[in-house]
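Here's the structure we're looking at; comments come further down.
Lettered A, B, C and D in written order, each chain numbered from 1.
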Amino acid sequence: MNFEKIEKIPTRKGFGEGLVKLGEENQNVVVLGGDITGSVLTSFFKEKFPERFFSIGIAEQNATTIAAGLALSGKVPFFASYSAFSAFRNADQLRISVAYNNVNVKIGGGHSGVTVGPDGATHQSLEEISFIRTLPNMTLIVPSDYNQTKKATVAIGRMIGPSFLRFGRSAVPSFTSQETPFEIGKANILTEGNDVAIVACGTLVWESLVAAEKLKKEKGIKARVIDMHTIKPIDYNTIIDAARDCGCIVTAEEHQVHGGLGGAVAEVVVKNFPVPIEFVGIPDRFGLSGEPEELMEYFGLTSNTLINSALRAITRRDKGFDLIRHIKEINK
Amino acid sequence: MSEFIFSDLTFENKERPLNEFPKIALQLRKDVITSLFYAGSGHSGGSLGMADVFAVMYFGGLMRYNPSNWLSSIRDRFVLSAGHISPILYATLARAGFFPPDELKSLRKLGSRLQGHPGLDVELPGIETSAGSLGQGVSIAVGMAISHRHLDKTDQLVFTVTGDGELQEGSVWEAAMTASNFKLGNLCWIVDNNDCQIDGRVHEVMNIYPLQEKFEAFGFNVITIDGHNYSQIYSTLKDFKNNSSKSEKPNCIIAKTFMGKGISFMEDDYRWHGVPPNKEQAIKALSELELLEKQIIELNKIN
Amino acid sequence: MNFEKIEKIPTRKGFGEGLVKLGEENQNVVVLGGDITGSVLTSFFKEKFPERFFSIGIAEQNATTIAAGLALSGKVPFFASYSAFSAFRNADQLRISVAYNNVNVKIGGGHSGVTVGPDGATHQSLEEISFIRTLPNMTLIVPSDYNQTKKATVAIGRMIGPSFLRFGRSAVPSFTSQETPFEIGKANILTEGNDVAIVACGTLVWESLVAAEKLKKEKGIKARVIDMHTIKPIDYNTIIDAARDCGCIVTAEEHQVHGGLGGAVAEVVVKNFPVPIEFVGIPDRFGLSGEPEELMEYFGLTSNTLINSALRAITRRDKGFDLIRHIKEINK
Amino acid sequence: MSEFIFSDLTFENKERPLNEFPKIALQLRKDVITSLFYAGSGHSGGSLGMADVFAVMYFGGLMRYNPSNWLSSIRDRFVLSAGHISPILYATLARAGFFPPDELKSLRKLGSRLQGHPGLDVELPGIETSAGSLGQGVSIAVGMAISHRHLDKTDQLVFTVTGDGELQEGSVWEAAMTASNFKLGNLCWIVDNNDCQIDGRVHEVMNIYPLQEKFEAFGFNVITIDGHNYSQIYSTLKDFKNNSSKSEKPNCIIAKTFMGKGISFMEDDYRWHGVPPNKEQAIKALSELELLEKQIIELNKIN
């Protein structure tokens, strides 16, 4: 991996292209627009298949439920908006008409996380992993780069059942290739290592790779970087193996530290093989305006934080379980 | 107790003289009472109030469905948006032959296919979608109508029923806006306009009137009818069916109804929204209905 | 505690009475109705203070946001509906207008969980602990009986900041008294014990007490039952003490096993003192029609399940951390 | 570059001759352009289009506010529901003296009180609520209007601005229904009717028309005005203010506007919804505005 000169492509481009691919292979794929088609790049599909594109306007509840009606008529509907609005404005509809109905509706949550940047807190969805993974019947995927997003889009379009894909706005390092395997529910182990496991999703996977590289070079620590692209159903085996082999874990996500990937991993771990975990994420607060990279830095979603967290996890493992830190620090 | 036994009776779905609907509606009302009595909880008021509409919609040869192959891809669709009045839908489906009427006594019981609010997971024939969260069904109906009209390009019809309190949900107006934008002439949206909801009169809890004007401003063909008048129900639905393929406007039927219609001590009383009859009340209700039945028979003999 | 003859009172009664008490002590307390005032017993307040009660009809989004507007005008607005609709239909409004605005809005989520009974899955909210606790600035309380619900209602009405109170429909054992202390954020330890900790909320607290009693009588096992009424902010210290003292934990809630109280406890534990946890809750599926008690039995939300879980937790602790169970079982 | 400097200029809020509004609006437009240029992202179109309405609303002596004690409990309230046009609100507040105009250059920057969409957390004076999720502001305004009219029993006014695309959100119609139910004559809802939204023309993306009829059916006093005509804006707002305490109907002003109004290459082009000017465009825009300013000065001399 060339860490210096990596190309950057937005994940949403993968989503847009994936939709076109699906549209080509399956006549039943239809797309609903939520007045942000150029932002989440459902515009690609719209241009190519105008007769299978329906503009619903700014009405996320309705779009989601119309999608359910289309699915109940044999179609494979995608509806995408900003994740803040396609996961929350329509939450009841997702719960009842999509998840409980267990229909073949695919929701795209674009512009997620703080990397949406200067639009600020209202647009920075940081809570939807928690909500969506709690819904029965749902599949939830948070891909980490452009190629993977494209594959994930195609994969959820081919599987049967409700799914949610969370992706981003800004250009991020494109580190997987067209050949990198992608299977829903099967995490990708990106680096081998038994010293500490870093379980990450989305934009934090790249940071984890950078962190692992530095840990190796600077401290001789071998980190196992796991790309946990599928949050639901979560890959129990890979997590349990990591807990057993490494004895400590760091989770990393562009999401609240509560309830998200970290929470999912914690649940698997305590139920199977309890080890210390350090959570990297947004510390229970709302976002802010700023440039994507500034914000990642500001909120500590960086390889440096990951390195510190890894070291802390290792210390906790080695000192045993009696290292109770002061409550202030715990609450960070 | 013979009152509480479900006969095997089913009705055909066919064009029929108007004077045949009363006894069908009567049977549906009996089933509603009986199943709710068995359940010990559930929604009497709206279910009884819509019996006449359901009788005509399912048994007048208007809606195309086939109970023995109910998932047929060319069926017309009925989506219950007001999920709480499931008892009338269940009664109707049972009497149309979708499942044995005797199953009505399992309403709301653990393990039943007759969930308190329709659930797709339990796979009861005739149920097109889960419901229970107000306002969602009508958007589902819009999705189906889009699918039929713009993708499959068939003339399949989509019927949906919402309450009037339900119209307080904003998502309902999103659905309305979309329906007219996509020129869903194949959509027939029936509003159960009983002016009752849980907390009281709709116009007092949160006034929704004027209703006709609202739907017109949202681009609908609107017609207000007496929801207990078979002739009006039939001709309105028939007009919808006949004009559907040419029509570029979605259709709204505001059916003026009385909650609890048919049972003297329930009629037009919002407190019956979500309550089942107890045994005494069920017996009283059933005997009122039987009296009515006799009158109907007599009346039919004379005419 | 007399386990046989305990009185049963619905928690919603505590909510309704708490509102009246608040109404008496604070002129600024106002209540918004969502067309189910007789169900969630905001009707008590309505009768007493009709001029401070506003009927909004069936419009949970609007009611929640109007509440925010009232709070921004110095009022202390409560809005209550069925939890399925006052946590999800209005999720975006809760996120932005309530939590991000950080205003003094109080939401009641009544008829929560499977104990709402025959209404079935749509009405059985089992996902809102996960969602609400992920929102920054929120306080989330899940009281366990009538008295506590009343106290919790009064407490959230007196504190400043957004809060969500989740309570139920059916009559449940009333086991705390008017004198039992209640403090937001401070868990109640109901039984002393160092063998296993049972951390529960809502209806499962009573089941935990029953389980602890049986464990003691039948197996000589002393369970520490913790009533974790406040899910957010969670009581770190009490959880960490339990982990250290008992070495294993069972969590119990009338909610999905994912993301809820169990998830919150797991997060605290792995970040501080990793021990085995067994989760008792709804196993990632939607509800069903049935009588409340039948459903609690059907979904295993009973003292018997708790006993088995406690035994399993103890075994896992004693056998060490290498007890990896078959994935099927893990996934329960 | 002198174009990009924010002067200290503020305007009084007072009754004033109509010919004074153009130069206020012009200053607001300059501020919008300049702050968005600094920001490098943000919403030009709607912000420019609403400059005339904001000029009259804040500087015509209609709305009661006090920048040096802005949380005064007797203030009138302004709630921006269309949070994305925050640049025009920020410009207005700065020129009204709520904070130093120079702060406008921090728009959308890390650490700024001028969040991309207004945030209550950063405590910028004059901001009544966070916004950015369409549709919520108007319900907040309804809550405030209820509080003033029915609890505090004061004559405080509540103004709110929504977009027209925003009207596609169902929650907006919930707010509308409530506003008329609670007889909120103290509520003035201004719709920025530019027929533009992100994906195109509103009537093409999801048609919301007829608009006047919709609001009337929801119980509003509705008036449609030219949103760039100071006389119409002023007299409509003045009427609202004068009648508010007697009125039992909420008020809707449908302000026909052009997105990007005032800048030749932006006007009526929906592609400017969410784009800031680059340096070249900013210079061009500012020089167009300066030219206009000279014309206005000339014109005022003649009259």
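Everything that follows uses one rule, which is that contacts are C-beta pairs under 8 Å (C-beta built on N, C-alpha and C of every residue); 3 or more make two chains touch, one makes a residue touch a chain.
Just so we're clear, the structure is a prediction, and the values are computed from it rather than from any experiment.
S.K.: If I average the CA coordinates per chain, which chain comes out farthest from chain D?
M.R.: B
S.K.: Please compute the C-alpha centroid of chain A, do the same for chain C, then give the distance between them in whole Å.
M.R.: Distance between chain centres: 28 Å.
S.K.: Express in whole angstrom the distance between the two chain centres, defined as the mean CA positions of chain B and chain C.
M.R.: 37
S.K.: Could you grab the centroid distance between chain A and chain B? Build each centroid from C-alpha atoms only and quote it in angstrom.
M.R.: About 43 Å separates the centre of chain A from that of chain B.
S.K.: Of all the residues in chain C, which ones touch at least 2 other chains?
M.R.: Touching at least two other chains: 56-57, 59, 61-62, 84-85, 89, 92, 95-96, 100, 121-122, 286.
S.K.: When you check chain B against every other chain, which residues touch at least two of them?
M.R.: Where chain B meets two or more other chains at a single residue, that happens at 119, 121, 130-133, 135, 168-171, 174, 177-178, 206.
S.K.: Chain contact topology under the given definition, line, ring, star, complete or other?
M.R.: Graph shape here is complete: every pair of chains touches.
S.K.: Could you please specify the touching residues of chain B with respect to chain A in the complex?
M.R.: Residues 73, 79, 119-121, 128-133, 135-136, 139-148, 150-152, 170-171, 174-175, 177-178, 182.
S.K.: Inside the complex, what are the residues of chain B that reach chain D?
M.R.: Touching chain D from chain B are residues 168-174, 177-178, 180-181, 206-208, 210, 213-214, 216-219.
S.K.: Within the complex, which stretch of chain C touches chain B?
M.R.: Against chain B, the touching part of chain C is residues 33, 35-39, 55-59, 61-62, 84-85, 89, 117-123, 286, 288-291, 294-295, 298.
S.K.: Looking at the complex, which residues from chain A come into contact with chain B?
M.R.: 30, 51-52, 54, 56-57, 59, 61-62, 65-75, 77, 92-93, 95-97, 100-103
S.K.: Given the complex with chain A, which residues does chain C contribute to the contact?
M.R.: Touch list, chain C to chain A: 84-85, 88-89, 91-92, 95-96, 99-100, 121-122, 127, 130-131, 133-137, 236-237, 240, 244, 249, 256-260, 262-264, 266-279, 284-286, 321-322, 324-325, 327, 330-331.
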